[in-house]
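Consider the two complexes below, in which subunit A is the common component and subunit B and subunit C are the respective partners.
Now for the complex of A and B:
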């Protein structure tokens, strides 16, 4: 067994050097699968994971094929979930992937940075929704509304938009973005309170439909509040939005011996900022899960009546979960707006809410590595695999009508993921223990 | 301003009924499924959309061959209802039944499945239309017989033949359903399953069959409503079901979910309210807030009912069992 897995990994390393590309990366994913699922002694497994990291990085730098990124995410997941790997190796390899492999690949192909940033933003949001859906068991179908509130909070004041209703020197300088990340926590938590107060009194399935409706209301407001006073600039959206100045970051990187050019500087900056945010969010998540509130949420999820009988105040506890999730989403909204320098209501549709829900479901409700894996998988699927497939269809099957463009069928893919997961593996790819027990006991 | 409002009022009420009957028929699908399974069948809005798309296709292909517009519409209604009903059965069979057989107690699982099914159906229809016509914005073909119009009450109401047909067909369907549920054996069985599934199965009722039939009935009603909707509002896309579906669900809750007369009443009330605000909001606010906000009004109504009278207009209070 050990020999087979090691041979596969070494062969992949050789291929990544000699013939990097999509096929090699598929082979690498097989090797990763062997490492994760075969019965291996811990030393071999650890060695394999280290070699795989090296090989995927090599392949990414040499060819820029984005499947390699999936491989790296897979290694990260293996590192966090597999048993009996020394903690320092987990930490070291994980940091190497996040801080060395991905940036190196990003310099070779800037699209990798873009993917990394999007994965990061969605992972942080999936973790936020995980608090609401996974821990507290409240099905929120309008989660993108909070993302929108966060994004517009900065978009309006970080552009000339605010001049329409306030006297003052707008746009605010880019440094204010950091302040607005805090303000967005407040505005989105407040929105969460306003939406949650009526909605959370309701039982599970009513809550779902009310949040769905309110998510639509926020989108309708964003679309139409360009009159009588122009707050949101309607369907055209707001642009340009200020980014924070990063001269300090450039000189810091220069001192580390990394020269950045015009395209990569902001991308590396936002990538690292997003990583930092995920780190924070994971910390908050872990602490919450083991706190009095976390246990209260799980109790409410399992049995509301029993939880109430044990003295848990239902509405405040649920509201707290709802507002926590909202705040995570709001902060990421600010980063999203600054990174793209553009927001419009199009980014905050029901599809966006369901995409984030799909990430949580795919990874496993309540599971932290699961939410991150789900975010990576669906983001790569959405931004890369579907587009590549669509390109393939257009060039090799020109007789297919132009309306049948696979890139436009993300609903079909997400729908299939949701249904198949619910029927065959409701506990998700990386199940959280308690959820798994619950799903199996039935 | 008041004069303007009063002058428009008869037309607003008439149009409100058109919308209301559509909502009422779709709301029945939600309420019947909720009655037997306690499941919000999100996919029902797509069943409605499928009915509308079938209606458009029937008109597109058969209009040159069928002389009478009324016969054409009858064909469209039958086909639309049948295709929608069969789709509803298939959805139940392949998506909801496996979950039921596993006996999941988690309430989120069927709900998430229903959302997934809804997305799948939207894009499947888009795929079919894309392969077929390379187009998924569909327009209902107009047929002369159905477009005729009259002015009632000295011009206060402008009404088209198709609007009368819509109301007539809806009333017939609603009466038929009331008869079916209250007077036939199948209706008794449906009510029995809705009341207590396990006891009903002890009394010799096959719950799977009854659930299947419930989906068929609700689905066909939704499909017929879809055809009529396409006839009335003419522009159809695979995503057209979402908003009417959400509002029909609101109507079902307004009337008291699980309650059949309630769904009809809720649909009519919601149709009136939405049309009322849609027309008068721009007038009342001097054009500052336009018709776009009529959807917001519908959701606010939903929230208000759920807070103030969660059992709905005609529903009964159900105590949660421990």
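Now for the complex of A and C:
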């Protein structure tokens, strides 16, 4: 067994050096699967994972094929979930992937950075929604509304938009973005309070429908608040939005011996910023899960009556979960607005809410590595695999009508994945032990 | 001051009067039982006391304070712990976590301290955990602390539910059929346990129970419900002799036969 897995891995390493590309990466994924699922002694497994990291990185740097990124995400997941790997190796390899492999790949193909940032933003939001759905069991179908509020909070004041209704020197300089990340925490938590106060009196399906409606209200407000006073600039959206100045970052990188050019400097900066935010969000998630609040959320999810009889007030506790989730989303909204320098209502549709929920469900409700994996899988699927496949179909089979263009079937594929999940692995890819226990009970 | 005073409590569900003009008082430190045939309204009565239902008429006073219409969580904060007829543990949580949920109102960690797990939050959590372990030791479940609650055997689940109610540090403990499904030996242990609680912790205990042997042995006083109305109240000896009670349990004519 170990010989097979090791051989596959070494073969992949060789291929990644000699003939990097999509096919090689598919081969790499097979090697990764063998490493993860075959019965291997921990030493072989650890060695294999290290070699795979090296090989995927090499392949990415040499070819820029984005399948390699999936491989790296896979290695990360293997590192967090497989048993009996020394902790320092988990940490070291994980950091190497996030801080070395992905940036190096990003310099080879800037789309990797774009993907990394998108995954990061969605992962942080999925972690926020994880508090609401995974811990507290509140089915929120309007989560993108908070993302929108966060994004517009900075978009309006970080562009000339605010001049329409306020006297002052707008746009605010880019440094203010950091301050607005804090302000967005407040504005989105407040929005969470406003939406939650009526909605959280309901339960289950009713809550889902009402949050769906109120989420749409926020998007439609963004769409229509361009008159009588122009707050949001309507469907055209707001652009350009200020980014924080990063001269300090450039000189810091230069001191480390990395020369950044005009396109990669901001991408690397935002990539690292998003990583930092994910770290923070994971930390807060863990802290809350192990506090009286986390326990109260789980208690309410499991049995409202028993929880209330323990002195846990229903509405305030649910509101707190709702506002916490909202705040995570709000901060990521600010980063999203700054990174794109453009926001419009289109980014905050119902589909966005459902996609984020899908990430949480796909990964496993309540599970932190699950939420991150779910975000990575669905983002890569949406932004990369289907598009690549479309291009492949268009170039190699031009006679096929455009109606069957795979990129148009994003939702179909997405739906299929969820249906298959519900049939074969309803507890998610990386189930959390508590949800798994509940599933077994049912 | 009485531990519990109920004045003319009535609860209707549509045309059905589940609890009909029931008044009773429970003294501090007493073990008080509520008995009655199935469907007599005992559990509804408990749900009135714990705020799950609001009485349509009447008043409920806890330790002299009017709590009529309070929500369950506020009643819990007033120092009322309870268990349920069909055990309602948090099955997917560990034994220790169940106790910690019970201690919710006694763990004083403000939200922002919890978010950043400040030294204060750490200290409080550690203290709470120690206290929870002590409580588990007290009820004899410490060796089970890391098991999921749903994996415990039935008798221990019952015990854990009482322990969770105790974590609230209640002044008044309401037990809904604590001996249901227990064999005679377990029931005897339960009796000793309830008496220990009163003696060592000074808690007032009100219980609903079908096991007459337990009720007669353990209670200071007993109230009997039938069709939602209180038909008798008194010491076990008085209740045993009360013809209306015998009639309610054994049917008309039985009272004469027994007497």
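What we mean here is this: the second predicted complex is superposed on the first by the 441 of 442 C-alpha atoms of A that agree within 3 Å, B and C clash if a C-alpha of one lies under 4 Å from a C-alpha of the other, contacts with A are read in each partner's own complex, and residues count from 1 in each chain.
Simple rule for what comes next: a residue touches a chain if its C-beta (ideal position, glycine included) is under 8 Å from a C-beta of that chain, and two chains touch if they have at least 3 such contacts.
If you're wondering where the values come from, they're calculated on a predicted model, not measured in any experiment.
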item: Which of subunit B and subunit C A:284 touches, first, second, both or neither; value: second
item: Partner chain in contact with A:199 - subunit B first, subunit C second, else both or neither; value: first
item: Touching partner for A:305 - first (subunit B), second (subunit C), both, neither; value: both
item: Which of subunit B and subunit C A:224 touches, first, second, both or neither; value: first
item: Partner chain(s) touched by A:292 [first = subunit B, second = subunit C, both, neither]; value: second
item: Touched partner set for A:434, first subunit B, second subunit C, both or neither; value: second
item: Which superposed partner A:313 touches (first subunit B, second subunit C, both, neither); value: second
item: Touched subunit A residues, subunit B compared with subunit C; value: B
item: Interface residues of subunit A shared between complexes with subunit B and subunit C; value: 305, 438
item: Subunit A-touching residues of subunit B, taken from the complex the two chains share; value: 39-40, 95, 98-99, 102-113, 115-124, 126-127, 129-131, 134-136, 242, 246, 249-250, 253, 288, 290, 292-293, 295-296, 298-299, 302-303, 306-307, 310, 320, 322
item: For the subunit C and subunit A complex, residues of the former touching the latter; value: 50, 52, 71-74, 76-77, 81-82, 84, 88-93, 97, 100-102, 104-105, 107, 109, 111, 114-117, 121, 125, 128, 148, 150, 164-165, 167-168
item: Subunit C-touching residues of subunit A, taken from the complex the two chains share; value: 284, 287-288, 290-293, 295-296, 298-299, 302-303, 305-314, 320, 434-435, 437-438, 441
item: Parts of subunit A lying in touch with subunit B, wherever the complex brings them together; value: 133, 137, 139, 141, 198-199, 201-206, 208-210, 212-214, 216-217, 220-221, 223-224, 227-228, 305, 350, 354, 357, 361, 365, 400-404, 408-409, 411-412, 414-419, 422-423, 426, 438-439, 442
